[in-house]
Amino acid sequence: MKVLIANRGEIAVRIIRACGELGYGTVAVYSEADRSALHVVYADQAVPIGPAPSRESYLRIDRILDAAKKTGADAIHPGYGFLAENAEFARACKDAGLIFVGPSPEAIEAMGHKTRARARMQAAGVPVVPGLIEPVKSFDEIAAFAHSAGFPIMIKAAAGGGGKGMRLVSTEAELRPAYDRTTSEAASFFGDPEVYAEKFIEAPRHIEVQILGDQHGNIIHLGERECTLQRRHQKVVEECPSPVVDEELRAQLGAMAVRAAAAVGYYSAGTVECLMGADKKFYFLEMNTRLQVEHPVTEMVWGIDLVKAQLLIARGGTLPWTQGDVKPSGHAIECRIYAEDPMRKFAPSPGLIRYINLPQGPGVRNENGVYSGYTVPVFYDPMLSKLVCHGSTRDAAIARMKRALTEYRVEGIETTIPFFTVIMHNADFRAGRFDTGFIDRLLPLLDISRPPADDRRVEAAISAAAILAFEESQRVQLPDDGDSAWRRAGRLEAMRGPL
Amino acid sequence: MKLIARYEDLDLGVEVEREGSGYRLTVGERTFHIDMVNCGPYVHSLRFDDGEQFSLIHDSVGNDHEVTLRGSKVKVEIVDPLALRRKQREDSAGEGGIVKALMPGRIVRILVEAGQEVAKGTGILILEAMKMENEIQAPAAGTIEEIFVKPGDTVEGGAPLVHLV
Amino acid sequence: MKVLIANRGEIAVRIIRACGELGYGTVAVYSEADRSALHVVYADQAVPIGPAPSRESYLRIDRILDAAKKTGADAIHPGYGFLAENAEFARACKDAGLIFVGPSPEAIEAMGHKTRARARMQAAGVPVVPGLIEPVKSFDEIAAFAHSAGFPIMIKAAAGGGGKGMRLVSTEAELRPAYDRTTSEAASFFGDPEVYAEKFIEAPRHIEVQILGDQHGNIIHLGERECTLQRRHQKVVEECPSPVVDEELRAQLGAMAVRAAAAVGYYSAGTVECLMGADKKFYFLEMNTRLQVEHPVTEMVWGIDLVKAQLLIARGGTLPWTQGDVKPSGHAIECRIYAEDPMRKFAPSPGLIRYINLPQGPGVRNENGVYSGYTVPVFYDPMLSKLVCHGSTRDAAIARMKRALTEYRVEGIETTIPFFTVIMHNADFRAGRFDTGFIDRLLPLLDISRPPADDRRVEAAISAAAILAFEESQRVQLPDDGDSAWRRAGRLEAMRGPL
Amino acid sequence: MKLIARYEDLDLGVEVEREGSGYRLTVGERTFHIDMVNCGPYVHSLRFDDGEQFSLIHDSVGNDHEVTLRGSKVKVEIVDPLALRRKQREDSAGEGGIVKALMPGRIVRILVEAGQEVAKGTGILILEAMKMENEIQAPAAGTIEEIFVKPGDTVEGGAPLVHLV
């Protein structure tokens, strides 16, 4: 068995690891900007599939299938993003005689079109978010909806998902620019400019349920994840279980998710996303027909390897567990480590990672996508790695995360690590009191405070910097020291061409 | 050797001298006797003469030093006084009117024209990097003297974008 | 609460991590050779306690107590080795008003003298290894025992443990040199030249039982560890559970271990070591009155943090679990990563670690004691770090270990990583068929085979080396390139003085 | 540039030339067109012209190169032919009679005396490193011409211990 991974970054590495443990061969595909990426380093084989822009590489179905044919791969795992929820791709894999590690093209289609999915779920008796409408053909339609439903509304790309391609609109004035930008991003990122709108539910929690189904009709759920902490509609911290879900509510959420999945004949791993109000009423939002970024928190608590389960299911295997066999244990939290500068409005911070020190020790899991000496390209997501910590209780998991963040060091680029330290120390977060607006309300208070100049740490830091500057000045000036011309040339090379 | 350390908004005079196998430092009014050992390319161990020890991670680009120790990151600029005076002259010569790219990326749209008057905070252009569109805003009110880039251009971090006078 | 860690290397880092998660302050102590050690980097405070030789630093009770006093520490954790099983040290801590994180001095003494411990265990109804005798005063006594019991026998340091200070003697000719060297090592490492001897049981397994007791008389066991794979009487691979112990045998072993611990009023974490024959009869060997190197395999399978439990117990807390509350789950394996060259008879390989890449991802735990750029000193144990992998079954844990070893890279010094890859692929190991002689029998077969010259990998490697040598030759020759005079001087500094 | 690559017991002639942004290599009888990119201080990506790609970790000390790729570690020595000839002359001059320390450590005991005849495998001295006593043995039969160390000495790896003729 040989598996081609049609993805990059930490998720490609995650899948390569699972395949390696199962004794399966692995094939990485990579754009020219990704020659030095970790997934290329770790795969058994690697095939170039085009220039840096995703449109010309990671989204090119023809080139990926060519790579599979050339290397004799038996299966393709799409990861998340890129082609993971593209039914045409899933179908093209099947047509080429390859196993697609995911659900059927029909299930992807059924859930992919968010508005049609909602109708189908409603028919299956699954509660849905109020206010959903069909995708619009023009700005006028969206304006009409906004006027009838009243602000705030959300504009979302019909083909979007995972927090991409959606915008909150609170006032009339913002409507036109938001529509234009969402449409443009939808066309650029998903190849489909269609957008729709829905009424925005205030102060909700974002809860999602993990399901696992096989091709023989067995479906189980693996409880919920708490994904309420978001910035720009992107999740930043996820946990399992949710601090506000008890065993009874978990059973209700699970039953709803299994019903939703069964309604579309779902198999493989999948996630049913819900909004939950303060009254703990929950509404189906969408189903992600793929592995989720935050799947490790579920794995650590439920003791099941979701990627290995996907591979088993894709090969036609039967789920080895019934609902009664699986039980959660302890608590897990994930922080997404981004190449963004929290002190400069989260501006992207690509570039050379000069030094990295990953946290280690008990209960710490690094889903890493980068390494010391690697240059983070500008073409893709700013997510570098994920840090996941497990503890016997939520408090223990938070304490472990705080400890791990202290060990985590990245030099050369800025990352969101200090921002997570602030969150882990926040009293409301520690008490489990938050909604999806938490991060935005926290941002103005974000004072990653610096010690005063007479603090011994500052004296030590200034002394060290002065000594090293002094030592540097004593050295002969070398023509080719440090960042070599050769390496600089390689970096400019990677920057060339359209994004 | 006399240096200036800039921390937050403070300029501190620093004097460094070798002393035995260590160093004698004067930082502002205070004098330290310091023993420092290189533990690898980025890790150093610094010890004051009262025995207090700090393990630190140090990285620098030009004069900008970042020192991480006991969970805090301290950013300090170390300049020699001559270079500082040169820099101050350049600053007053008005080089500050160049708006630079804060990150590498691709120019998506230009929102202003040459000759246009802009208020502080006016969007100048949209720079795409890492799948996000970032609006670059005017740091002060003024007139757009010159635009150095066009849509579709790929720029490195620090590249000049427009000249604002 | 502030804890001083009277140790170095990976175990000091392990304890600092646990304290950090509990919100306790940490104080590292270090010899002059250890200024750049990871435990010094990670502790809140660090105090120098003398020159490189352990006798003048890590074994100096007075200096360690001074450091505790100076920093206002409340407790001392001894780790393993050094002063961990020194009753005098435990007593000195108490006398200085400090909490000793370990058992009572009386329990250490009772178990510390191996021959007296055996008598006490026999009296408590615990089965012991046949043939034990009192420590000898002269070579003649040991010769007399050898002649009456017959070869092979083991000569052991009375104050030894953990595989140190013991020698197998199979023939008359070896007896005198073995006696001399064991006596000399016992004097040098443990400060006590006394040795004793016992009949050597052939082809046994080494099984040990983890126990945890509080100061209120509650004692539970956390099952067994399989520690049969040894080289020079040092464990190299440990696992939990043992592949040959079933639930019934586990209950018997556990009951025996709890009885042994109760007989000496034991509290804190402790390990009862046994030999087990092919008939699954087991014999008490010794009790280690401290945390064990291989404790993480138990932690990963039983879900209990033994260091945190030790700290709770030391503060007078009550064990939060009864025997019925604790259950094993899955399987864990540990490999001890040593700075030794398996291709050169495991010769020590200290020096500069130029580059290190630790394995990451699901089920992988690094108990690391080193980092990129660190120079491994010659003065101490060659153990750098431990790699621990957990899986749902023994096969899954082995597969994960194989995958992790593939990711593990250390450049600059040689390590035992390739040796573990060979073990993980060995059919007998995979089948669980081994005894304490397994590694010695495997060594002659150790062919960490190299690919032939026309293999594409070799062509690629030769090409890369040639290109880099070519590029190097094209560069200006720099006076101070690479390994700087400054760093070389530092290394020579660290080498100075007696070992 | 002409080089010699030593792998296992083979000496292979290697010729390296720049070719466009890549390299042309002749290794023994075979010619490769190779594109190689530096991915950091130790990681490199090498691609043959048929598209086969290798990510590798490279480290070298002097002429000794270690290349790790696809789970294998390949040790190869790269020398230029002039240097090799010089080395062969030195070898035949009998420098091989110096027994060196394989690792840094401390001399515990000397087991032989100057002038003593020894058989191959005779223990010469005991070197302690990392808490282990290691016996250094005579690599061949001969006479101990000179002993360079004494008990208690600390030596670096590669330090000469005795001269055996």
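We call the chains A, B, C and D, going by the order they appear; numbering starts again at 1 in every chain.
The rule is simple: contacts are C-beta pairs under 8 Å (C-beta built on N, C-alpha and C of every residue); 3 or more make two chains touch, one makes a residue touch a chain.
Quantities reported herein were computed from a predicted structural model and do not represent experimental measurements.
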In whole angstrom, the CA-centroid distance of chain A from chain C equals 39
So, in whole Å, the Cα centroid of chain B is separated from that of chain C by 47
The distance between the C-alpha centres of chain A and chain B, rounded to whole Å, is 32
Residues of chain B that touch at least two other chains are 41-42, 52, 70
So chain A residues touching two or more other chains come to 42, 355, 357, 371-372, 406, 486
Among line, ring, star, complete and other, the chain touch graph is other
Touching pairs here come out as A-B, A-C, A-D, B-C, C-D
As the complex stands, chain D meets chain C at residues 1, 3, 5, 7-8, 10, 12, 14, 16, 23, 25, 27, 30, 32, 34, 36, 41-42, 44, 46, 48, 52, 54, 56-60, 63, 65-74, 76, 78, 80, 102-106, 128-134, 152, 154, 156-157
So, in the complex, the side of chain A touching chain C is made of residues 13-14, 17-18, 20-23, 42, 296, 299, 303, 305, 329-330, 355, 357-358, 360-362, 364-368, 371-372, 392, 396, 399-400, 402-403, 406-407, 471, 475-476, 478-481, 486
Residue positions on chain A within touch of chain B in the complex are 181, 185, 189, 339-340, 344, 347-351, 354-355, 357, 378-382, 406, 409, 411-412, 418, 450-451, 453, 456-470, 473, 492, 495-499
Chain B contacts chain C in the complex at 37-43, 45, 47, 51-53, 55, 70
Chain A contacts chain D in the complex at 35-36, 40-42, 44-48, 371-375, 486-487, 490
